[in-house]
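Naming follows writing order (A, B, C, D, E, F and G), and every chain is counted from residue 1.
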Amino acid sequence: MNPAMTVVVLALIWAAITGTFSGLNLLLGGAIGILAVLLLRRSLGPPRRFRQLRNIASLTVLFLYELGASAVRVAIVVLTPDLKSALQPAIIAFPLTVKSDAEITLLANLITLTPGTLSVDVSEDRSLLYVHALAFGTREGLIADIAGGFEAKVREVYS
Amino acid sequence: MIVDIATYAGCLLLLLGALFSLVAAIGVVRLPDLFTRMHAASKAGAVGGGLVLLAVALLCFDVGVAMRAIIGVVFLLLTTPVSAHLLAKASYRTSGQYRVNMVVDELKSKSSQNHRA
Amino acid sequence: MSAADILSWSTLIALIILGLALLISVVRIIIGPTLGDRVLALDLMTVIAMGLVGTIAIRTGLMLYLDIAIALALLGFLATVALARYIMSRAATQPDDAP
Amino acid sequence: MDYVLAILVGCFVALGVYLLLSRSVIRMLIGMTILGNGVNLLIFTAGRLTREIAPIVPAGLDQPDGPIANPLPQALILTAIVIGFAMFSFLLVLAFRAYQSLDADNTDTMRVAEPVNEPNPPLSY
Amino acid sequence: MDASIALVAIAPFVAALLAPFIHRLARPYAGWVLALVPAGIFLFLLTLIAPVVAGGAISARIGWVPAFDLDLSFFVDGLSLTFALTISGIGTLIVLYSGAYLKGHPHLGRFLGFLLAFMGAMLGLVLADNMLALFMFWELTSVTSFLLIGFDHTRQAARRGAIQALVLTNIGGMALLVGAILVHQLTGCWDMSALGDDVRANGFYGLTLALFLVAAFTKSAQVPLHFWLPNAMEAPTPVSAFLHSATMVQGGVYLLARTTPWLGGTEAWTLILVCFGGATLLWGGLGALRQTDLKQMLAQTTLASLGLSVLLIGLGTEAAIAAMLLYFVAHALYKAGLFMVVGAIDHEAGTRDITILGGLADRMPVTFIGAALASLAMIGLPLTLGYFAKEEMYLGLMHWQWSDIAVLAVLLAGNAMLAGVAMLVLVKPFLGPVLPTPKLAHEAPIAMLAGPIVLGGAGIVASVMTDWLGHTLVEPGAAAILGETVSSHLTLTINPASPLLWLSIATWALGYLVYRQAAVLRTLLRRFEAGLGWTADTVFDAVMFGLIRFSGAVTRLLHHGRLEIYLATVFAGLALALIAPLGLLNGYDVLLPNADLGNWSAKLSWPQLQPYEWGVMALALIGLGAVLLATNRLVAILALGIQGTSVALIFLLFGAPDLAFTQFMVEVLSVVILALVMTRLRLDELDQRPLEDLARDGILALVCGAGVSLLLMVVLSGTLDTRLSDLFTATSVPIAHGHNIVNVILVDYRGFDTLGEISVVMAAGIAVMALLRRRNKPAVPASPAPRRRRKAES
Amino acid sequence: MVEVPQAMIETATAAADWVVVLPLVLCLMGAAAALMLRKSGGLTFIFAVLIVCAVIACEVTLLLRVFDSGPLSMTMGKWLPPFGISFAADIFGAGFALTAAVVTLAVLVYAQGERGAEDGRDGFHSMVLLLLAGVTGSFLTGDLFNLYVWFEVMLIASFGLIVLGGRPAQLDGAVKYGFLNFLATTFFLLALGLLYGLLGTLNMADILRVAPSANPAAIAGVAALLLLAFGMKAAAFPVNAWLPAAYHTPPAVVSALFAGLLTKVGIYAMLRSLVVLLPASRDLLEPVLVAIALATLLIAPLGAIAETNLRRAIGFLVIGGVGSVLVGIAVPSLAGVSGAGLYIFHAILTMTALYLVAGLIESRTGQTDSRQMGGLYAASAPLSVLFFVLVLATAGVPPFLGFWPKLLLLQAGLGEGSWVGGLVAAALVVNAVLTLIAGSRLWAHIFWRAAPAGALMPPAPPRHTIWLRYGATGALAAVVVAAGLWPNGLFEALRVGAPDLLDPSRYVAAIGLAGGAP
Amino acid sequence: MNSLIFRTIAPLIVAVMLVFSIYVCLRGHNEPGGGFIGGLIAASAMAILGMSGGAGEARRALRIDPLAIAGFGVFIAGLSGLLSLFTGTPFMTSIWVYLELGQTTVPLSTPMVFDIGVYFVVFGTISAVALALEGEEGP
């Protein structure tokens, strides 16, 4: 993430948690943000630019919807009397097309929070994302779901 | 009026959150293996906790507190998948018994390849 | 029923549900069987405890408890990460250590 | 309710003592922590209990508008908790290092400083 | 006057400190240079004779610890002056003698230093009036003699002799101290010159007397505490000469004489002193006859002489006291001379064994003269001081009562044995047939000869100047001891009509008999000793080794290195501390009022707790139970987390959000740190205590827990004084400008505690880092190339 | 509504009054600064020495002021006592604090003589300053909970020091030391909680005021707990096991610092809490006190006789000294209290010096066990003198410092006129004799006896390091000798200080409680 | 822990935690919180940073030796108490200064400085311990 951007975000977070969006408080938040960024300068990774705010919003909406759906689905599975038939656990290797750390991470986290899937690991060469599925149908179907859904959106956000 | 609506909505969110938390807990006990339990804990758990925090945000009538609650939600959504991932990654190697339950395990074949190499 | 009554009742119900959830997750901590299961249950427990504290905040009207709730979320994450790390390094040193 | 807490404090102390006698260094540490918690609860109880009213003066007021929990024991306990945590960290790392160096986490077998079967003192001038 | 008397006691110490440096500077002449100090003191003391004889006593007082009403007071009267003159006079010769005797010894400087300090201590002892000062110098003589006796330190016998002397005389010293404190508490005064009858009249007289007698008897080597003295012979000869003649052992005699005015004169006093003195006299005499080593023979005669002196003090008559004083001087002169002679023989001939020595008179004529002068004095021939001493002691017993006759018999026997030993020492080695010795004997150097000759000559001169002796020695000395004016009746005339003469002749005759039958007696005595199987000396070893073994056993028993037992001890103490005071002081009455049972049970009410509060309590108990039953470490850690969380919830429920906040954080961080450390730590899965230990620990734990509960309940039964919190609550916002009262307490009211607390945290950080620095440095810096230490040193 | 005059001190505080708190603050801030400087070469040593010198200067001023005009106090944050935390110095507190600073200075200098260039970063100087801070705070504080805090500062600093170097024996000793000592402070905290629940206050002067009217059984229970806690800290029999288990394991400088300071603070706290604060409870506990005094006096020197490890043997001598101070607490007459105070002063100096000498002996012979030592009498005159003098001082042989407290304590015991007093006096005498036996045996084995065949002697260390180490040790020994020869100043101090302990009205007045004196 | 996901997301979490910790520290005088809790949260953040990218990485990011930070904390805490030397009052007497910045009044006080000192001490110490335990041995 862009350091300057991070500072701004942190200043906003500061103002939000203190509950005062006065200039002075934002300034203080900015100072604290700068401190934090200074601390984390090595870990933040190369600067990256968000292309479109609209894409982020679109991704967020999709994510929130999927999150709710996933919670409901898990609830259904949990409350099913016959667990054996409802479950067909499997781990499959999803071939990644996004390459940067940030993209992979975002994708993995989204996958975890959405219905029926859970990221387990990323392969050493970062070409594969191992995904645990609660009710495994077909490998191809699952891969297509992810690739066409979140992966595409993530690629839109970053690039 | 708005206050009342917010109260009703908040109560609803609170109860929903509590219910999802309960579901998560039941799932963690009921589901057969670690990975399936993880699904319950991370999804239902995050949603449950998050809804309670949102309820706080709605019911507090204070911008600062509401903001803090929302940031709390964001934080929860930020951390839950990571901890699930770390736990899964860590447990996978130790808990051989769970691989038995799986229909397909592509991570296993990859690990054993690595092992051979 | 007034809004206040609704609030009072729903927080009470939420407290009971959350308490129940807490006890259920304690079951998994105790029965295990693997370290991962226990840690997972602990992680869930902290989220539920966070919910409990949040509910108490609503019920008492003392919003200062919210920060404790948020801190709990932070710390729950920390604990889970540390315990995951523990499981991982144990796997490295003692591969056949099942529980 | 004070008396219920007094009994609970006794339980904490008893378990702490029991674990401290267990010879396993890590269990002893856990016992130390539990004993410390018991003592903290004891101070808390000795300062008398009040329900739910935190010793925080509401904004805009000069004094709390009702009875509050006794703040002084709380401050004392806070200090004690912090100190206890510092001690716990040290003793834990010490146990860890002792385990590495002495290859033992059982006090029965930790006998380097005071060796077993030391020869009798020399009968000479 | 004050300053100069203090200087007498202090100058030797200064000289002692300088001795090693003087030795380094003036190598061969160190003895001569350092002898100037005692010589100067001797000359100064001579100038005091006239005033003392004229005025009775000189006292000097220097403020020492005025805050404790303690002055360094000195008292020069006939008694102390006699002793001081003898000490400094003989000391001069001994220092000279040592310079020659230990010529070339690398530690001669050290030795002379010890010797001078020893002399200073002895001078201080006899000059001090204050009992604490006396005790201090008394202990200093023990310490310095320890260094002197152990001077030949690589030999175990020397070390043993030194430790033996130190331990025994220290026991006596402690008795002296306690006695002195008792006297001070009875009379309110530290100065002996100011003491009177009140000590004898007090109910603690018996204890006081016993303490002073223990002190004197250990120092003066009275039977059965005599055995250290022969072993002190391990010291180089000049030390023996000094120690036996004028110093150390005479300290006890001096103490008895000095305390006579206010401690003596009672029946107990006389009886104890005469009995112990007599026993020591006979034992010493017999002991001397048992020996063939010249030095050991002399050592045993010292025992006899000390017994004689003690006996005389015990008799306490005018004549006995006069005899004691004369005998002290006579003995000091001849015993020092004889030791120096023996040292010269040992030095020149290479042996001290009487059986292989003979005919030395030709080779060492001057030494022979010295030996002859001393031996004749020891035999008590006329024209020696010994003669007068003997005469006086018999004179005191001319009352023809049964007790007197018994004492007379003891004296006669003792003197006869001493005379016999004197003949043995003189005749065989010097006048007997010439025998080959390890070294080819020839005359000793002048510094070694000066002593015997001067001392012998002094004895003769003194014995000729009868009147002078009577006026300057006997009269003031006896007056000091008896507390009344005494007139001397010393005379040189020999009156054949006096039974005294015949007693003397009997003594000599018996002495000759002893001399003739020495070999037979020796065989008999040795057989007796062998038959006995033990001596006081071997008993000492048995006691010491027994003490060491006992110490070892006790220490191993108490300090076994097992932490769990140490902890069990501590918890037993905790249980006692919690339960006992309440039980003894009826503290439980508050909890169980003395009402009838029915009434009491009516008072029993279910605690007013909310359901969720019960729930939290239950959670705490579940957590504790889980910790107790945890069979693996992660479960234990997690269970620890549960009980910690429950504590936090209790804080939360009872109005302590800050505490709850902190407790949560600390609990989680504890788990985190535990998890970080645990990855590198294996843990026994199960409690491995045997069942009986489990039961013991469990009972102990339950008692401790119950004790804490009960004590807390007793505390809770009262009302709390909340002044402090009330004020904090009232002033937190208006004065301290903070709404969170707990935080205001932490950073303002009691911020000082917090300052300490954060220091603890910081220190914990440093300490943990110190632990984690892996730098295994050995305890003692390792040497790159250790060299072999030379096997023999010195 | 509380008005300011009821809550706060209104008179201005003179800058000169700060001497009561500056020593502690200087130590703490010095430790912090030394920690920040720890990677800057040898700077921390000079810095630490400067700090300790400043502390000594403050404490000398403080002592003189207390001597002239009675106890001096400062209550932090301008809050009236008992609301704020009071620091209050009487002669005893100020004197001990000064003595502690002096031995700390000696130890710092000595340590510099054996520290390598790579040792700079281990935080040694910080920890020494923190230890001194804890000790100083414990001697000067007038608030019981604050005393707990300084106890913990001292404890954690000692933890850091005891593991420096991290050899296995050290870690073993540290485990025992750590658990038992932390347990002791936990008991202290337990007692404090109960005491607060009983009296509602923590200020010592205030406790003095309200304790007589509290439930005597409960107060006695608290006093018994304090006795246990401080008894453990002081290493009184039978809870003294941590000391011989640990004191011989760390570097000798650390042992020296511990021996001088730690047990003394424990026994001083016992003196203060039982004799000054809770005299009624002390009277109840007197049989127990007499028993532990007797046992400590008689059993400890046996350990010194039995032990061949030099520093362990000295550790038992330290414990024996604690027995002597216990006599003063068991028999708290004027002489008893004076003797206890003087003994603490003597023991701080002598025990530190003795351990420093032990360190010198160990580095000279390369051994820690007296069975493998020997020949030092011929090899090193300075070492011989130092050891000999200090052993005699420990045994209470005049004219060294140790004699005077022994004299006072014997006076106290005999002055009781009871068989208990006589028993205590007899135990003191036996202790002295046993101590001397132990000391003379060590002397005979280490100094007089020739070195055992084949013993390896490390080469002599560089000259300047010798000067620092011998100089520091010699300076302490010189104080022991000089103070023994001219004890008048000490007795002057006792004459002022001891009555203040038995009748703390001047102390209470100096603290100046809200609502006036009791 | 070798996890790309954790490593990537950790800085974000850490940044949020740091901000939150400062917030908790600063408002402690009036609401639950304070230097100690704030410091603990910040130290937890450092622990997470250390676990994600290795202790060495975290120590390099911190640049300053964590123990020195702890020392700094004690130092300024002590200093805040010493300031009352200049007001003729006893040690640790609070001094309040009100800064007028535009319309807002910012209260500055020695107790606040003290609390910040506490924050640094806890942050520095716990970070040092956590990082030392996490991986490489201490400096």
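Here are some notes:
In this text, a contact is a pair of C-beta atoms (placed from the backbone, for glycine too) under 8 Å apart; a residue touches a chain by one contact, two chains touch by 3 or more.
Note that the structure is predicted; figures quoted are calculated from it, not measured.
Common partners of chain A and chain E, by the touch rule above, are G.
Across the assembly, the mean Cα position most removed from that of chain B is the one of E.
The interface with the greater number of C-beta contacts, when D-E is set against A-G, is D-E.
Placing every chain at the mean of its C-alpha atoms, the farthest one from chain F is found to be A.
Measuring from the average of all protein CA coordinates, the nearest chain centre is that of F. Computed from the mean C-alpha positions, the centre of chain B lies at a distance of 11 Å from the centre of chain C. Centroid to centroid, with C-alpha atoms defining each point, chain B and chain D lie 34 Å apart. Measuring from the averaged C-alpha position of chain E to that of chain G gives a distance of 60 Å. The mean-CA centres of chain B and chain G are about 30 angstrom from one another, to the nearest whole unit. The multi-chain contact residues of chain C, meaning those touching 2 or more other chains, are 35, 62, 64, 67-68, 70-71, 74-75, 77-78, 81-85, 88, 90. Residues of chain D in contact with at least two other chains: 20, 42, 45-48, 52, 54, 56, 59, 62-63, 72, 76, 78-79, 82-83, 86-87, 89-90, 93-95, 97, 107, 110-111, 113-114, 121, 124-125. Of all residues in chain F, those that touch two or more other chains are 1, 28, 31-32, 35, 76-77, 84, 123, 126, 145, 149, 152, 156, 159, 163, 166-167, 169, 175-176, 179, 183, 190, 194, 197, 244-245, 305-307, 441, 444. Chain pairs that touch one another: A-B, A-G, B-C, B-G, C-D, C-E, C-G, D-E, D-F, D-G, E-F, E-G, F-G.
In the complex of the two chains, the chain D residues touching chain F come out as 20, 25, 28, 32, 35-36, 39, 42-43, 45-48, 62-63, 72-73, 76, 79-80, 83, 86-87, 90-91, 94-95, 97-98, 101-102, 107, 110-114, 121-122, 124-125. The part of chain C that touches chain B in the complex is made up of residues 3, 6-7, 10-11, 13-14, 17-18, 20-22, 24-25, 27-28, 34-37, 39-41, 43-44, 47-48, 50-51, 54-55, 57-58, 63, 66-67, 69-70, 73-74, 77, 80-81, 83-85, 87-88, 90-91, 95, 97-98. Contact residues on chain F toward chain G in their complex (touch as defined above): 9, 12-15, 17-18, 21, 25, 28-29, 31-36, 38-39, 74-78, 84, 121, 123, 126.
On chain C, the positions that touch chain E within their shared complex are 15, 19, 26, 29-30, 32, 35, 38, 42, 49, 53, 56, 62, 64-65, 67-68, 71-72, 75-76, 78-79, 82-83, 85-86, 89-90, 93, 99.
Across the complex, chain F meets chain D through its residues 1, 145, 149, 152, 155-156, 159, 163, 166-176, 178-179, 182-183, 186, 189-190, 192-194, 196-197, 244-246, 248-249, 305-308, 371, 441, 444-445.
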